[in-house]
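Next up, some structures in structure tokens.
Across the two complexes that follow, subunit A remains constant while its partner is subunit B and subsequently subunit C.
Moving on, here comes the complex of A and B:
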């Protein structure tokens, strides 16, 4: 089912949690809503679920306006952050609950629930109470309960945040596997960019209630359309260099100029740590710190107010306090206005 | 070290233990023994014979039977209605946002007000000629009821007063219980397609079960022990021709009225046994039903 958000807004008293958000989520895709805490991502999900009614705009499922429809009637499945399994019911009763609410016959409901339990691999736990399950198992029960009615939309609200690091990896692959198996349109809220970038078809990046970029994960990383996106995505974070545009020419700190169609202004050039490299020419900086990150060696250069990070190539060594020249290639630099908007360089 | 800690703890507990010992433990033991006094000279505090005579007396005493009957009617009349009503009011109070503190206070006032003062007001409310109750009933064309002076209406009047009196406490406990139920359960239930009634049945009630259990036990125990309301409402009587005589009132009459300490103690222990059995049954049921 295609989900269309048209200019939706949500105001709580005086604060605007979601501001004029418009986006179309394609059918059968897994889309992550990503952003820092308080950016309105959960609010957006709750509006999709019908638990909040937007204060402005409209929500369409396959061209059908559902803005005013209550959650009971939207026919969606949802997994909550704390799973919200009914503590007094067994696993089987939990999974059967949505079917029971829709007046399905008991035998049939049981059959379907067991089928679903098999899909999420918890069919050996059917008689347990939620309190007797581990976090990962509770998660699976919650997914089974959300999917048992075969909804056309699955919503997940930070489903992995209560799990430990190892389990998180397994469960996110599980979610992807189940989503692919059922071809269900899935919206997944997370504050963990690695999670979002690794399993999503599209990522919806939000900040302060606004849509920043809706794109495929690789574009979010390589072609950020705003300085916020550039800074938010990627770890270690983006490096910034001050530069000037004078008469259609961008004067880079790396010693070369680029033709650019933009009025005269101060801009910032962004370069990813892996695209910055040591050279014999370019920008001169002092090495402040060298640290080993897994298989890579990360060097921190610059002064206190403007630190930059770069990964050393194999065989390269630098000493703390040493002066080095750093360089970045033309096709790897991204230019942003002082206000944050991207200036595109013509090829 | 351990002994020293224990001694220290005991020292701290001693003042409280002393008071509890003198005013609770000693009377309990003493009254237990008293219930077996068969032949007793209370001027000289000499017991000539111990025996089950007091219990046999109770077994045959019509008045005690009536007290038991009245007590059970009272418990059955008060507890279920009080619990249902207070749960309903708690649900309403939980869902209002404006003036919620004010309304909570209003409902709690009966609980903190003195029983005697409350009963005097209710005596006026129940008054057969000038009472507001009969006035309202009159609006619906119902003839005046002799609330406090007829044998068949004394007990209903007492039950109405007691329900009203206990509401505030039950409501506060229910409200506390309701607030422990997370919103996410209601949200999940809505997503699962549960309407308002289904959410109440499948989310609120089961998760409120421990609270309901607590309130049931407390209400039953309190109702079995009813006394002050009767004393104040019927002006020191147990209702017209003992129509509101309860077990505690019977104990009171035997003890202070007839100075029959043995029978009074025996009756008190019969009541204790009844309450004890009820509580055991409830614990047994709750262990089977409340399992999470």
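Moving on, here comes the complex of A and C:
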């Protein structure tokens, strides 16, 4: 099912949690809503679910306006951060509960619930109470309960944040596997960019209630349309260099100029750490720190107010205090206005 | 933690002394109920009567219409407990889960009324019931006791500990407010509800002052009020009073034995794993 948000807004008293959000989520995709804490991502999900009614705008599932529809009439399944399993019911009763609420015959409901339990691989735990399950198992029960009515949309609110690191990795692959098996349109809220970038077809990046970029994961990383996106995505984070545009020419700190169609102004050039390299010419900086990060070596250069990071190539060594020249190729640099908007360089 | 045998002995001795002190009045009550009239006042007191006079129980039962009192007590206890449970569940749900104008102020006001001593309200309540024409009727015994602020407070706190997401999940699954309350909240709050029921049942069973004031006829009296028939102008007939008291507390003891597990759970505050 295609989900269309049209100028959706949500105000709580005087704070605007979501501001004029418009986006179309294609059918059968897994889409992550990503952003820092309090950016309105969970609020957006709750509006999709019908648990919050937006204060402005409309929500369409395919072409049907569901803005005023109650949650159970929307054909959605939802998984919550703390799983929200009913503690007094067994796993089987939990999974059967939505069917029971929709008056399905008991035998049929049981059959479907067991089917769903098999899909999420918990069919050996059906008689247990939720308190006797591990976090990962509870998660699977919650997914089974969300899917048992065969909804056309699955909504997940930070489903992995209560799990330990290793389990998180397994569960996110599980979610992807189940999503692919059912071809169900899935919206997934997370604050973890790695999670979002690894399993999503599209990522919806939000900040302060606004849509920053809706794109495929690789574009979010390589072609950020705003300085916020560039800074938020990637670790270690983006390096920034001050530069000037004078009469249609961008004067880079790396010793070369680029033709650019923009009025005269101060701008910032952003370069990813893996695209910054040591050279014989370019920008002269002092090495401040050298650290091993897994298989790579990361060098921190620059001064206190403007530190930059770059990965050393195999075989390169630098000493702390040494002066080096750094360079970045012109196809790897991204230019942003002082206000944050991207300035595109003509090819 | 491992406790040494010495401190373990000490703990058991202290607990033993405590239990004996708690049990003493009951033992005294049962012992007195089996004594003859002469034995009751003997100094030093006699713990085990010379002859066990079980006919005290028969005498006590014949002295006043205890069967009527018993039926009245049961009716009042059952209906007022039922009424209180219903009002408590609804009010606690409203105060913990619904949003309405003036919710917090209203709740503060309700809790504030707990500070008014019950004795102060005795006369105004009597006047009110008398104006309603309820004196010496079941209405007077039951209806004023079908709501308890303390129970509402207790259950509201319990409801508040139940994660909000359960409410959301239930809504997505297709529950109405009422269905959610019935199928999710009440089963989870079972320990708290049983505590409320038990405190109420005991309170109602033992209530003395209110039934004494609002009833005039023997037909409407309850058991505790019935006990006054053993206190006459010529003095109190202790052995019969104690025999009747022993019979009266019996149902409460049975209730307690069956619900013990829940009482402890409810008072200790059951933890809920989200």
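Note that in this section the second predicted complex is superposed on the first by the 347 of 347 C-alpha atoms of A that agree within 3 Å, B and C clash if a C-alpha of one lies under 4 Å from a C-alpha of the other, contacts with A are read in each partner's own complex, and residues count from 1 in each chain.
By definition in this document, a residue touches a chain if its C-beta (ideal position, glycine included) is under 8 Å from a C-beta of that chain, and two chains touch if they have at least 3 such contacts.
Nothing here was measured: the structure is a model prediction, and the numbers come from that model.
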{"item": "Simultaneous placement of subunit C and subunit B on subunit A, clash or fit", "value": "clash"}
{"item": "First (subunit B), second (subunit C), both or neither touched by A:224", "value": "neither"}
{"item": "Contacts of A:234 with subunit B and subunit C, given as first, second, both or neither", "value": "neither"}
{"item": "Partner chain in contact with A:70 - subunit B first, subunit C second, else both or neither", "value": "both"}
{"item": "Touching partner for A:35 - first (subunit B), second (subunit C), both, neither", "value": "neither"}
{"item": "First, second, both or neither for A:82, with subunit B first and subunit C second", "value": "both"}
{"item": "Partner chain in contact with A:51 - subunit B first, subunit C second, else both or neither", "value": "both"}
{"item": "Contact residues common to both interfaces of subunit A (with subunit B and with subunit C)", "value": "49-51, 70-72, 76-78, 80-82, 84, 86-88, 97-98, 101-102, 130-131, 145-146"}
{"item": "Subunit C residues within the subunit A interface of the complex", "value": "163, 165-166, 168-175, 179, 183-184, 187-188, 190, 272-274"}
{"item": "Of all residues in subunit A, those that touch subunit B in their complex", "value": "49-51, 70-72, 76-78, 80-82, 84, 86-88, 97-98, 101-102, 129-131, 145-146, 149"}
{"item": "Complex contact set, residues of subunit B against subunit A", "value": "182, 184-185, 187-195, 198, 202-203, 206-207, 209, 291-292"}
{"item": "Residues on subunit A engaged by subunit C in the complex (per definition of touch)", "value": "46, 49-51, 70-72, 76-78, 80-84, 86-88, 97-98, 101-102, 130-131, 145-146"}
